[in-house]
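Next up, some structures in C-alpha cells.
Here come two complexes built around chain A, the first alongside chain B, the second alongside chain C.
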Partner chain A sequence: MICKFEYHKLKRSHRPFYSMLSIILYLFFILFGFYTYAQTQTGGQVNFRYTFENRSYFNGLTFALYAFYFAVMMVLPIFAATEGGAQVAGETHNRTLYLMLARPLSRSQIFFSKLFVSFSYLFFLVGYLLAFALLTGLVFVGWGTLNLYPGVLQMSHVHQSLSQSEALNSFACAWVLASVALSAPLALSFLLSTWIRNPLNAVSTSIALYLILYVMSEIHFFVKLRPYFFTSYMGFWREAFREEILWGQIFQDGAKILAFTFVFLALAYRRFRLREEI
Partner chain B sequence: MKAEIVLWSLAIFMGFYSYTSSQITEKHYRFSKMNKQDLRVITWNVGGSSGEKGNALRYEFIPRIVNTIKSLQPDIIFLQELVGRHQAESISYQLRGWRFIVAKGSNRQTAIFFKNGFIRNAQSIPAEPRHFVICDYYHKKRVVSLLGLHASAYSAKRRNTVIGYATDTLRQKKTKYKILAGDLNVDIGLDKRHDLFSDNEQLDVETYNYAAKFFKDTTLLTGNTAEPDRRLDYIFASGFVVKRGGPILNVKTGDMDHHPVVVDLNFE
Partner chain C sequence: MESTDILVTAKKIHHVYGKRQALAGVDFDIYKGEILALVGANGAGKSTLLKILAGFLRPTQGKITVFDCNPYSQREIVMRKVRFAFAPPPLYDNLTAWDNIQFLVRLGLPKQEHPSCEDMLKVLKLVGLRDRLDDRVSGFSFGMRQRLILAQALLPMPKLLVLDEPTDGLDPLAIRELRDLLCRLRDEHGVTILLSSHLLSEIEKIADRVLFIHEGKTIFYGEITKLMKKKSTLEIKIEGDTTSIAQMFPQMEIASSDTFLLPAETISLEEMRVKLQEYNIKLCEFHHRKISLEDAFLKELRAMSQKEKT
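Showing the complex of A and B:
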C-alpha cells in the first residue's frame, strides 16, 4: 500500500518524464557525434594511419555500448542522486513527512518503501536507456558483431569479439549489474537526504560529492585512495562484455559496491530512525 | 532497530566477501635459476629522465646494467637510449664478448645484444624520431626475426607511424618466430586516464591494437614498466609459448625512469 502511494508520488512529480526526455536528448547527441566521427574516420578524411577503425566497427551495438558507458558513469548517477536526494528531504521540506508519520506506519516502512520505489525507478531508467540505445542503434546504424579493443572505453585487456546474440546477452547482464552499481550513489543521496532538510541542498550535495569521487577515481594520481571510493567500482558491469565472462571478478566488485550501498543505507536509516521532526 | 542490524550485517558480509575473494598475485617478474625456457628476452630503456627531454645512458651506470644483465642470464637484450656504438662496445666488452647490432642515426640509439648464435640480414631502418633495427637471429637451429624500436615520446602520430611501419616490416618476414621489443611510449592500461601524458590518446589505442592484432603482448597484466606508473615497454612476439614475464623492479639506478622487462619464451 505504502509502495503504491510512493509510486503515485513519483508519477505526480514528473521526474520520470523529464528523465526520459533527457535520455532521448542525450542519445540524440551521442548518435550525432558517433555518426560524424565514424564518417570522418572511415570516409577517407584520415591520412595514413594504422588503425582498427572501419565501417563494420562502427555499428549499432558499438553505439549502444558507448551511449550506455557514459550514461552509467556520468548521466544516470545524477538521476540517482536527484531521486535519492528528493526523498526524505523533499518530504521534510514540504512538511508532508509529519502527515506520513501521523499514520499507523513505522519509520522503517516509510524508509524502505521510498528506497524500493526509487531503486525500481532507477532499474527501469537503466533498462529504458539501454533499450532505446539498442533500438536507435538498430534503426539508424544497424547491428553486427561487437568488437572491443584494449584501451577503448577501458573495457578489455585483449581484443574481444562478441557475436550479435552474445552481445545482446551481455547487454542484458549489464542492465542488472549497472543498476547494482547505481545503487551506491542512490544510497549516498538517501543518506544526505536524511541529514539535509532542504531537497535542493541534498540533491546538489549528492551530485557534487559523486562528481568529486568520480574524478578522483579516474585520475591515477589518487591511486592509493582509489580502493576507498565506491566510484572506482562503478564500471564493474563492463566485465559482462567478454567472450568468457569472469563471474568471480563480477561478484567481487559487485560485493564492494553493495558494501558501500549498505553502509550508506544503514547510516541513513539510523539517522532517519533517531532524528526528531521539528 | 532490526532493519539497521540487517543493513550493517549485509555491509559487513559484502565487505568480507569482496576482501576474501580478491586474489593477491605477484605480477612482476621474479628471477629463479629453476626457471627453464628456450629463450629469455629483455628490453630496457636505459636512458635517464634528467634535463628537459631526458638523457641517454650515462657511462657510470653501465656496470650496474651489466651486472643486472648477467644476473638475469638472458639470450637477447634490446637496449634503448645508448649514446652510440662505442657505448654498445663497452657493454659488450663488460658482458665478456656478447655481440650486438646498433641502429644508425643520431644519439639515443637502439641496440640488440645476443650471447649465442649469430645474426644475418641486419638493417637499420630510418624512422622518426630515430632508426629502428631489424635482423634474423639464428639460435638452436631456429631463426627468430628481431625488431628493436624506440618510438617518439612526444607525438602520438609519430608513434603510430613508426610502430605501424615496424609491425608491417616484421610481419613481412617469412620466419615463424618473431619478436618486436622496445620502448613504444604507448600506455593504454585499463585502470587510469592517460590523456595527461599523450597528445592523442585515441591514436595510441589504435597504435597498440594494430601491433596486438598480429603479435602477442607477452607481458600483459604484469604491471607498470616506467615512472610514474606507466606501461611503456613491450615485448610483442609470435610463434612462441609465453612461460612467464614482466618488469623487474628495483634495479634501475640514478635518474633512470624505466624498469627492465623480461620474458621467458619457448619455441612452439
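Showing the complex of A and C:
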C-alpha cells in the first residue's frame, strides 16, 4: 500500500511529466546541434539523412549514444538529485511526513518505499530517454552500424564496430548499468534530504555537490583524488559498447558505485531513523 | 479512576530546544472516555507536548507512556490506537480529497483491517466533504482542510483521538457540528479525546478536564467544573458597619464601599444572613457570580506569575 501511495504521489506531482518534457527538449537540442554542425561542416550541401562524414559513422545509433552519454553524466544526475531531495525533505517541509508517521508505519517502511519508487522512476527515465533517443535517431537519421573511434567521448581506445543488433544489445545493457550509476547521486540526495529540511536547499546542495565531484573527477589536476569520487566510476556503462564486452571491468566499477550508494543510503537511513521531527 | 483506565501517563516531562526550555516538568494522565483539553498561549509548549505524545520528539527528561508503550521507540504500536489531526492541517495538495483519505487511512494496516469505501464516504459526509471528493486539496479553504484532516483521523476508529486546534478556520455552524461530533464520539463510541485549543468557550462546553500550560509549566490540571467552582465568587452587598467584615472573612476582596467578594464555596446564603445579623449588618444582595473558563485561566495565570515574583 505504501509503495502504491508513493507511486500515486509521484504521478500526481507532475514531476514525471515535466521530466519527460525536458528530455524531449534536450533531445531536440542535441539533434539540432548535430544538424547545424553538419551544415556548418559541409557548407549547407547536406541532406541530414546522409550527414557530414558518412552514414556508416554518423547515424541514429551514434546520435542516441551521444545523447545518452551527456544525459547520464549531466542531465539525469540532476533529475536524480531533484527526486531524492524532494522525497524526505519535501515531506518534512510540507509537514506531510507527520501524516505518515502518525500511522502504524515504521520509519524503515517509509524510507525504503520512497527509495524504491524513486529508483524505479529513475530507471524508467533512463529507459525513456534511451528509447526516445533511439526512436529519434531512427526517424530522423536512420540506424546502421555503430562505429566508435578512439578519443571521442572517451568511449574506446581502439576502433569499435558494432553491428546494429549488437549495438541495440549494448544499449539495453547500458540502460541497466546507467541506472546503477545514477543510484549514487540519488543516494547522495537522499542523504542530504534527511539532513536538510528544506527541499530547495537539499536539491540545490545535491546538484552542486554532484557537479563539484564530477568536475573534479574530470580534471587531470585531481588524478590522485579520483578513486575517492563516485563520479569517477559513473561512466562505467560505456564498457558495454565494445565488440567484446569487458564484464570484469564492468562488475568492478559497478561494485564501486554500489558501495558508494550503500554508504550514502546507510548514513541516510541512520539519520532518518534517529532524527526527531521538530 | 482505576489504573487500567489510564491511557496516557506523562511524568515530569521536560523538553529543551537548544537553550530554550519548551517544557518544564509537565505531569498529566489521560483517562479512558474523557475529553481532556490542552490550553495555553502561543509558545506555551502545547505543540511540543503533542509531538512528544506522537513520538516525533523524545522528552529531554521525564517519562511518557501511551497505552503502556513508549511513543518514540514503539510508535507503530501506539499509532494503531491513536489518531492525530495536526494543525495547520498538513495534506497532500496535489491529491484529491478522496486520494488523501483512501491512502492515509489504509497505511500500515493489513488488508483485512482496511476501512471500506462506504466507511470513508460516511466519514466524508460527516465532515461535509462528500461533494468535494474529486477536488484537489490545493483548492480547499483552511476550514475544508481542517475537516479533511479530521476525517482521516476518524478512520479506523481510534481509541485516543488527538486534535490540535480543530476549530481554527471553522465557521460557527461547523464548530457546533464538531462539538456535537466529539461528544458523540466520546459518548457513543467511547473514544478518548485530547483537544488542544484556544477557544476556551468551546472547551468549557465539551471538555471534562483541562491542562493549562504556560511557558512550559503546568498552571492547572484537573476537572473544569471544580476549577470553575473554585474560581467562582460570591458578590455580597451590605448596609451597616463594614469594618468587621474583614475580621469575619479574611479571604474577602473589597469590590466597592458596600460590596465585597468571597470565594464561591465559602458560605451559603443562610449562613451569611445569620452571621451578618450577629454584627447588625443588613444583607442587601447575595449573588453567586459564575466565572468563565477564560477568566479562570487568566486568574490562574496571574496567580502563577505572582507566585513566581514572590
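Things to note:
The criterion applied here is as follows: the second predicted complex is superposed on the first by the 262 of 278 C-alpha atoms of A that agree within 3 Å, B and C clash if a C-alpha of one lies under 4 Å from a C-alpha of the other, contacts with A are read in each partner's own complex, and residues count from 1 in each chain.
Note that in this section a contact is a pair of C-beta atoms (placed from the backbone, for glycine too) under 8 Å apart; a residue touches a chain by one contact, two chains touch by 3 or more.
As the structure is a prediction and not an experimental result, all values here were calculated from the model.
With chain A as the common reference for superposition, the partners chain B and chain C occupy compatible, non-clashing space.
Applying the stated contact rule after C-alpha superposition, one finds that A:Ala131 touches neither chain B nor chain C.
Ranking chain B and chain C by residues of chain A touched puts B first.
In the superposition on chain A, A:Leu25 makes contact with neither chain B nor chain C. Once chain A of one complex is fitted onto chain A of the other, the partner contacts of A:Gly248 are limited to chain B, with no touch recorded for chain C.
By the touch criterion stated above, A:Arg95 is placed in contact with chain C alone, chain B being left untouched. Legend: residue contacts after superposition of the two complexes on their common chain; A:Arg103 is shown touching chain C, with no touch to chain B. With the two structures overlaid on their shared chain A, chain B and chain C come no closer than 12 Å at the level of C-alpha atoms.
Applying the stated touch rule to the two superposed structures, the chain B and chain C interfaces on chain A have no residue in common. Chain B contributes residues 1, 3-4, 7-8, 10-12, 14-15, 17-18, 21-22, 160-161, 163-164, 167, 188, 190-193, 196, 201, 203-210, 212-213, 217, 220-221, 229 to its touches with chain A in the complex. Note for the complex: chain A touches chain C at residues 1-2, 4-5, 8-9, 12-14, 94-96, 98-106, 109, 276-278. Of all residues in chain A, those touching chain B in their complex are 48-53, 108, 111-112, 149-152, 154-159, 218-220, 223, 248, 251-253, 255-256, 258-259, 261-263, 265-266, 269-270, 273. Of all the residues in chain C, the ones that touch chain A in their complex are 17, 51, 54-58, 75-77, 79-80, 82-84, 86, 90-95, 99, 103-104, 106-109, 152.
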